[in-house]
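Listed below are the structures to be examined.
Look at the two complexes coming up: chain A is in both, with chain B in one and chain C in the other.
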Partner chain A sequence: MNTPAASMASAGLWTLAWRRLLRDRVGMVSLALVCGYLLIVIAAAAGIVAGDWAREAGVNYASPVFVGAGDSAPQAIAAVPAAPAVPSEPGIVDPLAGVLAELRQNLAAAPPEPPRAATLPLGGDKWGRDVLKKAVKGTETSMIVGLVAALLAVAIATVMGAYAGYYGGRIDDFLNWLYSVFTAIPYLLLVLAIAAVLNQKGTLTVILILGLTGWTGIFRLVRAEYIKHRSREYVLAADAVGASDAQRMFVHILPNVSHVVLVQLSLHVVLFIKMEVILSFLGFGVGVDTVSWGSMLNESQAELILGKWWQLAAATVAMAVLVTAFSLFTDALRDALDPRLK
Partner chain B sequence: MTPLRLSLAVLIALLLSGCGERVASPSAQAGAAQQKVLRFTFMAAEAGFDPVRVSDYYSGVVIAAIFDPLLTYDYLARPAKIVPNTAVALPEISDGGKTYTLRIKPGIRFSDDPAFKGKPRELTAADYAYAIKRFLDPKNRAQYAFLFEGKIVGLDKLAADAKKSGRFDYDAPVAGLETPDRYTLRIRLNEVDYNFSHVLAFFMVGAVAREAIEAYGNDTNAHPVGSGPYVLKQYVRSSKMVLEKNPNFREMLWNAEVGDDPENRKIAVRMQGKKLPLIERVEISVMDEAQSRWLAFQRRETDLEYQLWELTPKFMSDDGQLKPEFIQQGIRMDRSVDPEIIYLILNTQDKIGNEPNPFGGFTPEKIALRRAIAMAYNVEDQIKVIRKGQAVRAQFPIPPGVAGHEPGYRIGIPYDVRLANALLDKFGYVRGADGYRRQPDGKYLILKYFSQPTERDRQFDELMKRSLDKIGLRLEIQKERFAELNKLADQCRLTMRHSAWIADYPDGDNFMQLLYGPNSGQTNSACYRSAEFDKRYEASRRLPHGAERNHLYREMARQVEADTAWLLTDSRYRNVLVQPYVVGFKKHPVYAHEFLYMDMDPRESKEARP
Partner chain C sequence: MSTPETLLTVRNLKVDFRLDDGAVLHAVRGVSFSVLADTTVALVGESGSGKSVSALAAMGLLPASNATVLPGSMIEYRGRDLLRLQPREMTALRGAEISMVFQEPMSSLNPVFSIGFQLIEVLEKHLGLRGRFARNRAIELLREVGIPDAPTRIDAYPHQLSGGQQQRVMIAMAIACEPRLLIADEPTTALDVTVQKQILALLAELQKKRRMAMLFITHDLGLVAQVADHVVVMRDGEVREQGAVADVFRAPQDTYTKALLACRPPLDRRPHRLPVVDDFLKAGAVVETAERQRGLRGDEDIVLEVRQLAKSFYFRESLLRQREFKALGNASFKLAKGKTLGVVGESGSGKTTMVLTLMRLIPASGGTVLFDGRDLLSLTPAQAMTYKRRIQIVFQNPYASLNPRFTAGQILLEPMRIHGIGATEVERVALAHELLRKTGLPETAFHKYPHAFSGGQRQRIAIARCLTMKPDVLVCDEAVSALDLSVQAQLLNLLQDLQDESGMSYIFISHDLAVVKYMSDTVMVMKDGEIVEMNDADALYRDPQQDYTRRLLAAVPGS
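The block that comes next holds the complex of A and B.
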């Protein structure tokens, strides 16, 4: 197919936006970074990388390789004196003594476990888990929370915004009242209160908390767009050909406000990644069997007292790069989608 | 705790954190300069101040300041030495050790309280008899009932009758608990009990006034009325307690066995012969997080701090000394290993509530499951990582410094993950597709661990989870507040929990009773019932401290290991930080209301500035 033929047809909104985005070098670099993170998330979710993040690969607080074992080298762990199970009191019978003796003999033949490393690529945490793997696995948690919560918030906000903007009147009043109630409560307090009510740690809980509290800003924008669009000619035309209210709202108007929604979506991904970190830092986030950047930062509080800075550094850098890249990408996306900047 | 209550607690906590600012306002500090006010914190909330209704350390500190036991301990003598308190002298022991006669100093008055209708109320021997009877009133469900159960002639009969009739008859005569005159108490024991003086010196066995107890009914936890050095002036549950000098307090002069210790001499020079209490007001706030407690101490908003284990590297060098910058500020540190044990309880009951307990019972496969958990739990990491090295491994149920401790004893449950795995394989706990083991009959196996919603306990959760993951056991963590956990413990509803027990009195019996079958639902929160153990425990109670009793204690310790009802973990160092203007502090091995024997210099002018 030759290119002139393609350019004959008038390019659509999305094609034009994509072309504009391609010209934005910063936008493309940040897109590449975000895609890189997404690949990590997929790989981590599939268990290809960092599947064994919870394993104690190194000694407690293993140093990063570039620091060297140095003074954080393990204090030799004094072996618990090899006492036979419940010995020395002839009057007491251990029902497991025979079994344990036999099992011990079998185990004596088995090869010993490999020793734990003194250094790890980016160091180890208090249990000796690999900080690099934790950061990678934390990417999965943080990105999934950010993306899914943002999708949830956007979905809620778009539907509610559409109804409020399109119908106006009582529905609009009611939804605006709801919006006002939500925004009247200080955000962090609201989040903590809901976290306390749900009283269950976990990724899903965090997603729900963020999704259910984070829709307000998007709702306001979508509602304004719908108010603007509902009396446009194309909508009236759709009415004339017999399109239902729902069709007009979601088939005709939605594509025309979707650029607003999309930009808000990516802004909220960033916001929610940061919120998850705050929630986990405050102890309301993910449970003990999950790692996220927030829980890493939380752990590093206690580690800093001991001068172990690597976990803090790893989580901070991983988060800062993603958040910066995502924000720059969002900027580029907004520019690309803005028809006035053609 | 219900979610709603928790969210309310969050809101209240947020509101109170605002109030905290006000407490530290200049006017409050100016007031503090005139009055001697000691401020410190609790890391967990108190349960209340009725001695028969609570059992936690924090409530005990306040109770010890309000109520007056017959006997007490010398402030400085080590090992702890019993001295008379409201009694004129140590008990006269007759009848071969079965009868204790005590005479009470006349003229001691209870603190004024509306329950006394404006009349002064003198402390009498009958108040002690009443206080002791209350421990066995089934209505009170006293955790410390074990102190008197089976010991006093005729008292158990009364308790048994009360269980039947639903009403404890406090007026019925008890042969073993007589008051021949107003100031004499005669206690007759069923059998010789070498620890009974310790029981009478225990701060939970202070005198209470019957009128006050009856006047406050179910609310006695909030209205303690005693004859001790302090009265409860202000009380905000789980948040703030203010004690003030009891104006009716009897004449008590500072007097302690100084010995050769130069530190003791320094204290004695300042304190000897002074009328107690010298500190007029004690303010206690509840602060869950170590970081907050540390900041409060550094800002001199607290005068004593003794619960900073996880922050120890901030103020202590590796060799156990206070860092120079704090020495320069005049801060002092008192460091000792607490007479305590921390242990992981593994509930041995067949059922918990109505649910079957996955590792309850004494069949080999259940013991194997408990043993595997005990072998997989990494105590080394608990000490090194969670305690930051501020603890020593506990080997024996009786800690060092307590009569009956066995220094050469080594725990018989080694840390051995591979052996634990092999043991579970052997007994048919097969791993399912998810990597977690099933019960031998193929049913799901989920174990429950209880802890508090604090940063410190999150680390225990992690360690527990990591340890059990290594042997393929699925763990569920249930979060409850301290008081709630104690309530669940009373009902034998805790499956696994880290518990701590600190000596009420410095004798091994106080620790071994934690495993005595009939104490289930009181202090035996593993609800461990072993005929072998109980038989030996009962025999040990009839013996004085010595080789014969120690032998029984060793056997009992081995029996607990064989049944694996506990895994002993550690005993913590107690690093008490003291501000420079606090005078006369020395950590006492048994009680925690040292402030009765202390004084304070004026705070430096810098502190009083606005």
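The block that comes next holds the complex of A and C.
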């Protein structure tokens, strides 16, 4: 019985928007790119790819394959010098002799370190870690930070905007005051303050910093939408049939303002990915045990002086492609959700 | 006497619109008519008939992005083919020879410039007048369109003028360059009846005095007799009938024209059922002649009693001072069971405020609303829930009163879930289907979203939503005002059938006095938040006691 009912149904507004999006060629290409990145993120998070990004697979500053080994040819790593024969001086007993002997034995027993490659697909960093794998792993960190922080910011902003716009009056005054306080503090100062309060480095910290500081603009937009919608007849009609305030706010109005929320979410993912880079560059980013595009850029500062440009290039290209694709997708999304704006 | 010159000839005009989903809408399919100098031609039709599109095509104002005028169409103005003109030539022609008055004066005037500035701009651009000359000419024009105290008012901003005055300014701008042809697209639709009458008189007077031709576009056949010499009746992009106004009104040839003339509620009779277009299109259908009895005997049960209901809005003027605006003052009335109370009044008279207040949709400033012996206004929100479902409302704008993200089925199920109507979900779905059928909607409507329905169908969904709660009182706040005449007749029939069947009481609000008279047992006239007069419907229309009521009645088109 379900199937005939479904075929009789008219397409909902979401379906119509999806069809408009399907017709937008630029939008679809950028969506495919974004999906590609997401797949990489999932694969990296599951450990299928780039799980061993921290392994020192190449020589220090290994060149990318397409550049060739060239002048950065590795100085052959000197083999571990054999233990010098200890002159046996009578009377002097080496107190560490036993320990050293054990260490030597262990080293000899351990499998020999695999030979380090002279070149890597996209080159290596200071410790010879594979830049390609770092970029992939960095994609995971950066996108998770961008997505989760944007979700957090949008969630905070939507709930606050809904209350402020729907109820107005005192609640609106209070939330606006909060908004003013947050926007009155210089941004970096605010970031520093929150970082100081959280007092630890890590992905979660970055997400919290971005989410807790980034809701302000979305809040104003959502609030304005709610003010516009609260006096619409369909909301009045919902009141007349007995729907509660919460039902009117989140069941009736929210789906009608969700296109604004969705576009803001998409915009903020891009914004937060860029912000993460800036934060990492400033040293408030993710910890040393993980890698993000921001920390890669931070490292490449020193490398550039030595002429090692590949880490910078890899992080920049990975980020630029995603940010451009995501921005174009956001534009297409906006056009599809609100065709009157075009 | 020589035959008058033909100003505008439209021949075989075809216009296609490309829709969002790639489909093509044939908005105008081969329309031909002509406008002679010094006459008024009325283009009449319901929404979607192509009347406005035809006029926009003549002005060269169709949106270039998705509208195409098909080859073979011809629009000729005094021997020049308008479809072949360069955009620059067309612009020059538009200002000087042909001009246009639109429906919404509020959105046609720029709110940040004074009306004088906007009027002078037209004079400077098209007539090359400068400085004092332009200003003096602007004052003359304002005087001509009946703006009182023109030398001072010229510096007023649009929001300082009433809707009628704004439309007068728009007309002044349109006639500033002494056009030979004035196109008026629903110029009075957004205005109250008394203002509408003045604007129509002004247009007719200007047309005579300036010897202009006028193309008057309207959905209201009642207006046509008042202003036009020649009428073109359109439907679905085609001309159904055209001829001299007197002939068409006396002896309409086309079935559709006949139906349009018949489905408007008459002021002098009260047929049991209004004829609808289908009645005429079906051959051999019998038009009912039975009359319906309306009016109170005096011994009916009272379902709702409103006493001294008042509502004030406050505007903060400064930190400490508030200005009070009395939207409703001391309204008292009784509503009899199974009867209809009609409410008429111009915009801003407090009609809607009154019903929203008595339904607790906005808080009241004072008074009592007795329902079942309890004062609804003094109940707590939780206590009021049980009464809430028993007074329901159908709003004016069917495009705004249904949540666009809900299917018709969800819209009907929601109130049942909230009030616990129907024991199981299956039962509720069955009831929803039954109500859709009862309100004349197809079964398939259940799964469709509001945007898939026409205005009339949406209003049926809104009515069905109210019926889910089996209300004792149904408030219809301009419920049929936004609909086409033929659809309006169908809905009025539906409302009467429902009342006959269930014995609901109606509070029927409308600015259309003919519709209110047709539907009501008692009629209340409101002005500036006060009840001016209340009487039995027939008695009030036959013998109005108040000046204001008399003025309202005199302004009814076609009376």
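Operating definition for what follows: the second predicted complex is superposed on the first by the 294 of 342 C-alpha atoms of A that agree within 3 Å, B and C clash if a C-alpha of one lies under 4 Å from a C-alpha of the other, contacts with A are read in each partner's own complex, and residues count from 1 in each chain.
Here is the rule we go by: a residue touches a chain if its C-beta (ideal position, glycine included) is under 8 Å from a C-beta of that chain, and two chains touch if they have at least 3 such contacts.
This one's a predicted model, so the numbers in the text were calculated from it and none came from an experiment.
> Check whether chain B or chain C contacts more residues of chain A in the superposed model.
B
> Given the touch rule stated above, what does A:Ala240 touch, chain B (first), chain C (second), both, or neither?
Only chain C is touched by A:Ala240; chain B is not.
> Touching A:Lys274 in the superposition: chain B (first), chain C (second), both, neither?
A:Lys274 sits against neither chain B nor chain C.
> After lining up the shared chain so the two structures overlap, which partner does A:Asn60 touch, if you call chain B first and chain C second: first, second, both or neither?
In the superposed model, A:Asn60 contacts chain B only, not chain C.
> Go through the superposed model and pick first if A:Arg19 touches only chain B, second if only chain C, both, or neither.
In the superposed model, A:Arg19 contacts chain C only, not chain B.
> Looking at the overlay, does A:His252 come into contact with chain B only (first), chain C only (second), both, or neither?
Second partner only, chain C.
> Please indicate which partner A:Arg232 is in contact with in the superposed arrangement: first for chain B, second for chain C, both, or neither.
Only chain C is touched by A:Arg232; chain B is not.
> Pick out the shared contact residues on chain A: the ones touching chain B in one complex and chain C in the other.
Comparing the two interfaces on chain A, one with chain B and one with chain C, no residues are shared.
> Hey, which residues of chain A end up touching chain B in the complex?
Of all residues in chain A, those touching chain B are 54, 56, 60, 75, 77-78, 80-89, 91-96, 99-100, 103-104, 106-107, 110, 113, 126-127, 189, 192-193, 196-199, 283, 287-289, 298, 301-302, 305-306.
> Which bits of chain B are touching chain A when the two form their complex?
3-4, 6-7, 9-11, 14, 291, 310-311, 313-314, 364, 367-368, 371, 380-381, 384-385, 388, 410-415, 418-419, 422-423, 426, 453, 455, 458, 461-463, 465-466, 469, 477, 479, 532, 554-555, 558-559, 561-562
> Taking the touch rule as given, give the residues of chain C at its contact with chain A in the complex, in rising order.
Within the complex, chain C touches chain A at residues 20-21, 356, 359, 361, 385, 388-389, 392-393, 395-397, 400-405, 407, 414-415, 418-419, 444, 446-449, 451-452, 462, 465, 469.
> Which positions of chain A touch chain C when the two form their complex?
Going by the criterion above, the answer is residues 5-6, 8-13, 16, 19-20, 232-234, 236-243, 252, 255-256, 339.
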